[in-house]
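Dropping a structure here in structure tokens format, bear with me for questions.
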Amino acid sequence: MKTPLAAVTNLKVHFPIKKGILARTVGYVYAVDGISFEIMPGETVGIVGESGCGKTTAGMAMVQLTPITSGTVQWKGRDMATMNRSGLRALRREMQLIFQDPYSSLNPRMTVRQILSDPMDVHDMFTGRQRKERIDFLLDTVGLSPGQADLYPHEFSGGQRQRIGIARALALDPTLIIGDEPVSALDVSIQAQIINLLKRLKRDFNLSLIIISHDLAVVEYICDRIIVMYLGKIVEAADYASLYKDPKHPYTRTLMSAIPVPDPARRTRRIILKGDVPSPINPPAGCRFHTRCPDRMDICDKQEPAMQRFNDGHTAACHLYNNTYADHSHATPTKGDNP
Amino acid sequence: MIKNILQSNLVYSFVRDISAIAGALVLVVFIFCALFAPVLAPMDPYDLTTVELSNSLMAPAWMDTGSLSFPLGTDDQGRGILSTILFGLRTSLMVGFSVVVISSILGIIFGMLGGYYGGILDAFIMRTADTVFAFSTTLLAILLLGIFQSRNIWTVVFAICIAGWVKYARTIRGSVLEVKENAYITAAKSSGAKDFRILFRHVLPNALPPVFVLMAVDLAVVIMLEATLSFLGVGVPITEPSLGMMISIGKNYIYAGMWWMVLFPGLTLILLVVAINLFSDWLRDEMNPKLALRS
Amino acid sequence: KSDLVIAVDSPPKSMNPHSYNSDANLSYMANFFDGLLQRPAPEGRLAPALAIEWTRKDALTWEFKLRKGVKFHNGNPFTAEDVKFTFERMKDPEFSKFLNIANSIASIETPDDFTVVFTTEKPVPWFAETMHQNFIVDKESSLKRDSGDYNTKPIGTGAYKFVEWVKGSYIRMEANPDYWEGAPVFKTVEIKPITEDSTRFAAIATRQAHILSGVPIPMIELIKKNPAIEVVSRPARRAIYMDIGNKPGTPFADVRVRKAIAMAINEDEIVSTVMRGQATPAAQVPDTATIGYDPELKRLPYDPEQSKALLKEAGYENGFEITIAGPNDRYVNDKQICEAVARYLARIGLKVTLDVKPKSIFFDELSSNKHDFYLIGWMDGSYDFGRSAQLLLHTVDPDKGMGVYNGAMYSDPKLDEMIAASSAILDREERKAALQAINKKSVEDIAWIPLHYQQDVYAVSKAANVIFTPRPDMWIVAKEIKR
Amino acid sequence: MDKNSSEPVLSIDNLKTHFFSRKGVARAVDGVSFDLTPGEVTGIVGESGCGKSVTALSVMGLVPNPPGRVVDGRILFHGKNLLDLDIKALRKIRGAGIAMIFQEPMSSLNPVYTIGNQISEMFRLHKGYNKKQALAAAVDMLDRVQIPSPGKRVNEYPHQLSGGMRQRAMIAMAMSCDPEILIADEPTTALDVTVQAQILDLMHRLKDDFSTAIQLITHDLGVIAEMADQVVVMYAGQVVEQARTRELFQHTLHPYTRGLLASIPVLGHRTRGMDEDLVEIKGMIPSLHDLPAGCRFSNRCPQVMDKCKNHLPDLTEMGAGHQVRCWLHTKGRSA
Amino acid sequence: MGRYIFQRICQGVVVLLAVSFICFLIFRFTGDPVLMLAGKYATQQEREQVRIAYGLDRPFYVQYANFLGNALKGNFGKSYISQVDALDTILERFPATFELALTAIFISLSAGVLLGVVVSIKPKSLVSRLIMAGSLGGISIPTFLMGILWVMLFAVYLEWLPPFGRGETVQIGPWRTGFLTLDGLKHIIMPALTLSGYQLAVILRLTRAGMREVLSEEYIKTAWSKGLSPFTVIVKHALRNVLIPVVTIAGLSFGELIAFSIVTESIFQWPGMGNLLLVSIFETDHPVIVTYIMMAAFIILAINILVDLLYAWLNPKIQYN
């Protein structure tokens, strides 16, 4: 087996909650609480889950922009924690980010040219004449005209800004791009443009991509493998086809059924969850989904389910599939949820 | 950055705002007068050899007892009010601008460091700021100047700056906290940039606009504060009268009917402050992101 | 409402009669307390008060016979014990600023209840002359009360009893019906200190006060025009002068330079414009009432040409740098006078710097002898030039307490001798001659440049129907105000 | 119109709402007409900025003025033109006759009052309840919208509730006086899909219970497909297509609507082998200050014709209540 | 809540300590009180005598330690000038300043908020424009000039109001109030108006800005859509939200008010602490200055804590625990 490009092992990120003048820690936000996954060169991985489940935090922790509480992130087999500051800075060149909000991710006081040059300055790349060519190339790649290089971000539409953000991510010739909800702030018609662009880039540049999103449909469209997160944990991970055809975890099923399908002919019986997403400050004991789970069993609030491996690469963490406790009436995936 | 300001619709809206134009115009005229006071003024009120005591307390030129050589009359020392106003404007503006520049620089540095790094540094800076703010710039300046053995224009500037930096620090800290949440800061970090570069290239330019507004307002406040200090007798020395000093000398003469000693410097001061306020009102509206979004 | 309301320019600082030796504070005290002697209006000649007669037995011994039947406001009888106690307490810096006179006393004898004999350490010719301002306190109550009470609630033998002191607002007093001079005319009196000039003026303009002391100069003419108000003024004892030194190595060491400076100042113009006529040019520092005043002395004439010539002669053709110092909140128009002087000196080619500042700082600097040339005023409470000469003219000598206020460090051995010799002279006429000689020499050697005597200006509301006679020391003594 | 439905409770007729600023006139709503029917959901879809919210605000009489103003058209509510009513009469209708809920559940509730206070305000104002009755009614309402332990929640402030609960509280407030019309302006956009499902479900049931006419504004065609009985598609201030929901999705006529439908990634498409690129609508929505003379979609339309660039097509009835504004379909008729 | 207050009080004590130390440090190097204490005619020897009597010869830290020790007992030393307990001297003046400041705050808050609301409702009307112009005047005319002009107009020419002082006062226990007599009330009008002028203009402008912002909030749209009357929408829904920052800023600028009361008091001969401070500064009366500073710091800190609590009360989002 090839070495993965990046491997995350048992990653935990807990944010302390501070109070008072002495800023004593009174508790933690368990934003990411022990997740493991890896990404192969050229692979596209999607991370989905509800708001606040730790998707962004996981992404940020991978590029060391958020302090890691425990666990390791390995880059091409090397533990990033062992690198020094300058080594890390150099490595940042290889992993780049695309941000969720096209409005706040570009410095409003810099022209597109400055925005694209800035990272090159930092790494002393593409100096002199090369610089201009590179910028023209980047703009062309993301579908903007080089003539627009001296405009300011506010002179672009949301979709165009997101393209600038993508161009910046490409500027340093990265190996891995992490897109943090790259399309969720965009209008539907623009969203399609960006999704197509990302697919194209992946093909053309042999990039590895991590796409973070709350929209299963978007992720399914671009990704090879999909990871479903709930409250800081991975509940299910699988090949896109496998996940879609045979979702194992009740949460994944709920998520799928909740997405409105633009076809009035296929109005379906949805799984309506009770209650709200619990807080990551004191996550429920046992399985974190048990408070809302339609297939809840006695064991669920007592014991945390282990990750179970199904066929090649499909894993899920749910007591339904634990043979000792399995109650087969529940184990049967609810048919008819999916068209 | 300058280009950015120019090409925004700041200029556009400015041209459309009559009161802002008027304010700016008055301000420019005043600054011009202050700069060229030695050339413009009919006499040098500080040149001891030209001031004649025998000319003291003359009424403005258009009144019976007035003389053409002193268009706005003279004060108790025989200095022409007009000339003294021109020179006084100089002192007032000099104090105003020095304080604003010095305290904004101090405030920006402290505020930016505190806001960006947070933690103990921030706590320390902000506690200090709270304490100083509680006392108010005015009170601290009065106390300090009351204690200083000798006073000159720079001790006045110093005394005001001691507390003056606080509001800048608070403002800039607030906007740094906001700016640093923006994804483009994370983007800069993720490109491997060092702190220094992030601070000065990305954070500062975006955190600065509210400070411009504050500076404009503060200029007016400081000029008035200096006048107040002069009134209380702890301001600039009499050898360098400011507008405030002129008013506080003149106030003893209003009842005696020599209104010109208060009226003209008073009007000048009010006009100056109004002008700055008009200008900064406009600036404030323009730089308020919520209002500016309408473009 | 009080029968009589007086607005004055400075607030009382304490109700302890010895806590402050400024006229402003003593003026309040004179209503509640009596000294052994007093100086009634208009001329301020020494007159009996709690003592009915006094004699200088020898160079060091003074005897006072006390008035009988006087009672303090709390009912305690006044006796020699109280006098002895008073002067002993005056030696304690915690209670007194009158250390100077108190420390000069070696012993106090009380042969009987109504006789006091003072023996001084060394001859103090003006000992009796100060007895109008050393107010006598009640021994019994003073010992009993804590300092807070003692400093705020005066108990004396004076014509008025203390009623209430609301700090910053007013002092109320009521007539002492048993006063030994007979009860005063006004039953209730209120004194309101108002420091801000324009506000003080507003007080009389709006009939909130009957008498106003310290009328701001610019408003005099205005008040004169007001039919309801009358302006009362009198020459003050205080002389305003420029103090100048003769430190070797400075231009001032040359008497010609000092003379040039003196002749450059146009005092008449200062009097007419800066002082709006409310001052009299002075040829010397002591005033007419002071022993040592010399009617023969004349001012140097105003003559800038001669000044320049003198400067040239002294080798300062191109002038030199000079700093004019002075207070800006002490005397009438002090800072304006400094400015005017600066201007005159600039005209004869000196490079002038003005350095005026609040009195607290200025006097502080004086005692460190920082200034060579400054404006200051002087009025000797003792009416004896000898004491003034010791403080102002004598070479600075802190150990002996000489030249304490000789800030410019003028020094002349001859003059020092004359001053030392004068203090042993007992005979009044002889003493007068000796002091006049000192005075004359100081003027001729330009040890100082007298400018003018101030004029004290008061405004009196006509509606109040009061007869007010100003005193030379500016005190407002309510018992002297009549209907 | 669909003949089966009952009389419309609200009909908007040629509504024009413009914004006047120093940059010129923004024709945010430019001749919009549609009807609301009791017990039905009318969905309004369109890209951001196409005038959906302004249409709703115009109905409520809440267009920010200045800079905005309704310049033309009629809004008939029970035969009365709302635009002619004075503020007093309008106030009686607001809340009681027509209620509205807004997109952002956080900022739509006043942060300094308890939700109980804010809901009971409706009862006191429109039903004259006293404080106690109103509060009891508020608790009742919270219960109806499935907020757990409503007795406790009434005394909480908006920031103490989760986004979904806030939106439910908003719905409770809007429904409290049994309004005939509920205007919901993107009620679920800020919410997670699972919570969105809860809210949509709730609205469905409330509609059936009260037979309220709901105007549902959204940009999500999925939500429309789930919820709406009738759909109005807006583009740059105008209605471009309008039909019964099934009809619209099955017989899409306008190229914009078609583009919109094709550009949405649909769950399962790729898995089922439809792994081609999404269809993009190229280009950008035109500026409202500077609209093209002809069809407003002409600069992005894949089937654009010369005529489209200069002549604005009318909204044309294509039968069975299906109306479309496009020369592709109008050419025969308009000639 | 209790914990929070306790924390704030601890913080306050630290601040007071720092303040006192800095005062001491400054005084150590400026001005020699002995000159004041010993009197004009004192000889060197007499000065030394005084220096020892007041403990001014001892090392700095000893003096400071003494001061602190005494201050804990409520003893801030004696005024060099009046020889009376400095704290008493200040406390005696406190009611006057407090009543003046209170009246001024009351005027500026009530009038400022009211006018601010009026202006924000109809920003383009003539009345609003006049009010705005007037507020610009309020900001631009220096307090001292305004005070003098008031006196000239209302006291000297129109003779409607007394020109200076507190008028008749009533002593209630340790408190001397001017609120209970007509004369006292008449006397407070002009100084309070003068003192409130600047604050009023600032509050008016803050209110206006706040209203402008709040009126475009979603929840105001919600309120309108409920059919509420304009009065309810503006007063109940908008104003409460505007008041949160306005009250906070008004409270925090209490220090400014105290500072300007120095000016106002000196013009109107108002027998308050500010008047005393000015005299003390010019007379180098260090104990009184120190006490004043400590007192001012104390009041300001106390007000800040109160404002924080008020803020928490007005704004349900803030909870101190």
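We just call them A, B, C, D and E in the order they show up, numbering each chain from 1.
Basically, a residue touches a chain if its C-beta (ideal position, glycine included) is under 8 Å from a C-beta of that chain, and two chains touch if they have at least 3 such contacts.
All values derive from a computational prediction rather than experimental measurement.
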Farthest CA centroid from chain D: chain C
Counting C-beta pairs in contact, which comes out ahead: A-B or A-D? A-D
Rounded Å distance, chain B centre to chain E centre (Cα mean): 23
Could you put a whole-Å number on the gap between the CA centroids of chain B and chain D? 52
Averaging C-alpha coordinates per chain, one finds the centres of chain B and chain C separated by a number of Å equal to 44
Chain C to chain E: how many Å between their CA centres? 38
Any chance you could list the residues of chain B touching two or more other chains? 149, 233, 251, 254-255
Which residue numbers or ranges of chain E touch two or more of the other chains? 11, 31, 148, 152, 156, 216, 266, 282
Residues of chain C touching at least two other chains: 198, 202, 205, 329, 358, 361, 364
Contact residues on chain A for chain D in the complex? 50-51, 157, 159, 187-189, 191-193, 195-196, 199, 214-218, 220-221, 240-241, 244-245, 254-267, 270-273, 275-277, 292, 338-339
Would you mind writing out the residues of chain C in touch with chain E in their complex? 11, 13-14, 16, 19-21, 93-95, 97-100, 103, 147-148, 151-152, 166-170, 192-196, 198-199, 202-203, 205-206, 208, 329, 358-361, 363-364, 367, 391, 398-401, 404-405
Per the touch rule, the chain E residues reaching chain C in their complex are 31-32, 35-46, 49-50, 53-54, 78, 81-85, 88-89, 92-93, 96, 148, 151-152, 155-156, 159, 162-166, 169, 176, 266-272, 275-276, 279, 282-284
Within their complex, state which residues of chain E touch chain D. 216-219, 221-230, 237, 240-241, 244, 314-317
Please output the residues of chain B touching chain A within their complex, sorted ascending. 1, 4, 123, 181-184, 186-194, 197, 201-202, 205-206
